[in-house]
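Note that the chains are named A, B, C, D, E and F in the order they appear, and that numbering of residues resets to 1 at the start of each chain.
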Amino acid sequence: MDEESSGTVKKFAFINRKAPYGTIYALESLEVVLISAAFDQDVSLVFMDDGVYQLKKGQGTKAVGMKNFSPTYRALEGYDIEKLYVEKESLESRGLTEEDLIVDVEVLTAEEMATLMDEQDVVMSF
Amino acid sequence: MDEESSGTVKKFAFINRKAPYGTIYALESLEVVLISAAFDQDVSLVFMDDGVYQLKKGQGTKAVGMKNFSPTYRALEGYDIEKLYVEKESLESRGLTEEDLIVDVEVLTAEEMATLMDEQDVVMSF
Amino acid sequence: MKFGILVNEGPYNHQAADTAYQFAKAAIDKGHEIHRVFFYHDGVNNASKLTEPPADDRNIVNRWSKMAEEHGVDLVVCVAAALRRGIVNENLASGFRISGLGQLVESGIQADRLVTFGD
Amino acid sequence: MKFGILVNEGPYNHQAADTAYQFAKAAIDKGHEIHRVFFYHDGVNNASKLTEPPADDRNIVNRWSKMAEEHGVDLVVCVAAALRRGIVNENLASGFRISGLGQLVESGIQADRLVTFGD
Amino acid sequence: MLHIVNKSPSERNALDSCLRMAKKGSTILLIEDAVYAVTKGSTAESKMKAAMAKDIHVYALWPDLEARGMQDTVIDGIKQVDYPGFVDLVADNKNVQSWL
Amino acid sequence: MLHIVNKSPSERNALDSCLRMAKKGSTILLIEDAVYAVTKGSTAESKMKAAMAKDIHVYALWPDLEARGMQDTVIDGIKQVDYPGFVDLVADNKNVQSWL
């Protein structure tokens, strides 16, 4: 981290709207999130649309031959990344509840989520 | 063309469901179609969903800095590729009519299109 | 039975390259023949020998190369699509060859089934 | 104003690489500064010097290199994403450099706006 | 005819287009992100049930269900296959179309 | 806030999600395949009109409209910009989100 950026704290939101495994966006998004922890910014993770599937419990990737990266969401707390938001409508329209998710999250309505996004300085979409 | 394939005539369908320019699939699909002409097969082109936009008249790509490949559809006749099918519902739900298209096509209902697809030996999707 | 396979997306970014491989492998294991795997669009990136995935991940490019070596599967990369994306003989992995789109049409003619994997 | 740009898709396959370039060019022409263009996911393929598009098409890779040369734009390719996809120093086009994801976060911090282009 | 769908039913229109074209007696195989369509509570659940009621055979690739942690909520009547079963479906149908 | 959408409204759910989140007074810029949303007769026409009625400002990138031959059927009230105008929209809004 260089001098210039060390003093600034911005609100960063990472928007996750894609299902895991079908594409790499979920995995590579998580890699950015982990790195962002080193910069002491105000980081929020947003899961909406198919992005909520990233947090589904019980993923097992042996048969597809890919790496199961879902345990990494549990490790986020250790990096002081604790603001995980899930959109209510996205969860419900997929027949999921908070019980189905691998980590604790805050469930927000679309309106609350819109307000949250509005308050961000930097929004990265994957 | 080698010996083994020169005697066989199969029904080939190329299914175009993507809009042009946003992705390269439309352009590269057309490249396969042109090559297929050399193999004397029974070739059909199907345009449905956003694929019907590929045939829209009046494309002008100067400002986006990309190549306008839509005139190539007019050249297909010279390669004896004359079976161009457009799904009626896809056209209508986009506010388009046959008059908007750069080439003559046969408009089929979903049911007729389904029958056409069913009769194919080889279906390539782009 | 003879299968032709068309792969339209690159490695890692889309699962298409994985599913195509698993399909081809299962077909071979069941005694079928893979007539050809044709790589088109971003699929040509499956042939880059310069890929180095993390040690705990699968190596998609090497898997294809090994399949070509062990089972004589013909891996063909479309020359036009490859030039657009920087796949040339210089960075071509073993077991792949670069050729024209005619090879795809030919595979459609000669194989009993042609299956497309893409985005 | 300082702009950061994130490019998530490779050249030719998706328009994202074109739109990002046109945006960057327009920003420079208007007197803005491009803090950095960061290439992630398949976006790293924008940096392959081996691409050879048809003569009548735009050369996406060379356009970026020229922008770096003429306007000193910092073109950064994510090392982890690049290794997965076979972009290494050996085939890296001029004007690009390979670095870590921290460069993306830093660009978010230092630029006034960060704009994402992808699929 | 075998129809293969690999797109999430909530993100893309591929499944809807496939269902519009799938004839009675044909087979649909859901792979990759399309497997979400056969899970209970998904927006596509009713569509898949309607398809099965029209004598369309619906299969899902279980390695993809398992990868996504959706193996326990598959709706009734969906047949599950692995990669060898996928190969059999292609071999057993006279032609195949992927809805990309 | 500036929302950027680049996906076709008939192929993907990105525009719908954006419209669900766009607040009164915010701005939506449609680029690439998303420009089809502001053309007459498209399935998204009514949605875009509803958004404008809610005081959401809707822009479309005209180079993308022209590339697709859709420049003559743009619905009333849509503002068109080129790349420099795109830059101005980003500069004039305090934050920006791309709906990929």
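The criterion applied here is as follows: a contact is a pair of C-beta atoms (placed from the backbone, for glycine too) under 8 Å apart; a residue touches a chain by one contact, two chains touch by 3 or more.
Just so you know, these numbers come straight off a predicted model, no measurement behind them.
The greatest centre-to-centre distance from chain F, using averaged C-alpha positions, is reached by C. Interface of chain C with chain D: the two copies contact each other largely through the same residue positions, with over half of all numbers used appearing on both sides. A count of C-beta contacts for the chain pairs B-D and B-E puts B-E on top. Distances between chain centres, each the mean of the C-alpha atoms, put A farthest from chain B. For the pair chain B and chain F, the distance between mean C-alpha positions equals 28 Å. One inter-chain figure worth recording: chain A and chain C are separated by 33 Å, centre to centre, where each centre is the mean of the chain's CA atoms. Distance from the chain A centre to the chain B centre is 40 Å, each centre being the mean of its Cα atoms. Residue positions of chain A touching 2 or more other chains, listed in rising order: 21-25, 49, 64, 66, 121-123, 125-126.
In chain F, the positions touching at least two other chains are 6, 10-11, 13, 32-33, 63, 82, 95-96, 98, 100. Of all residues in chain C, those that touch two or more other chains are 8, 12-13, 15, 22, 41, 80, 114, 116, 118-119.
Which chains touch which is summed up as A-C, A-D, A-E, A-F, B-C, B-D, B-E, B-F, C-D, C-E, D-F, E-F. Listing the residues of chain B that touch chain D in their complex gives 21-24, 64-67.
Remark: chain F residues 10-13 touch chain E in the complex. Contact residues on chain A toward chain E in their complex (touch as defined above): 18-23, 49-50, 53, 56-64, 66, 68, 70, 93-96. Looking at the complex, you find that chain C touches chain A at residues 12-15, 18, 22, 56-58, 119. Those residues of chain B lying in contact with chain E across their complex are 15, 17, 25, 48-49, 89, 110, 113-115, 117-118, 120-123, 125-126.
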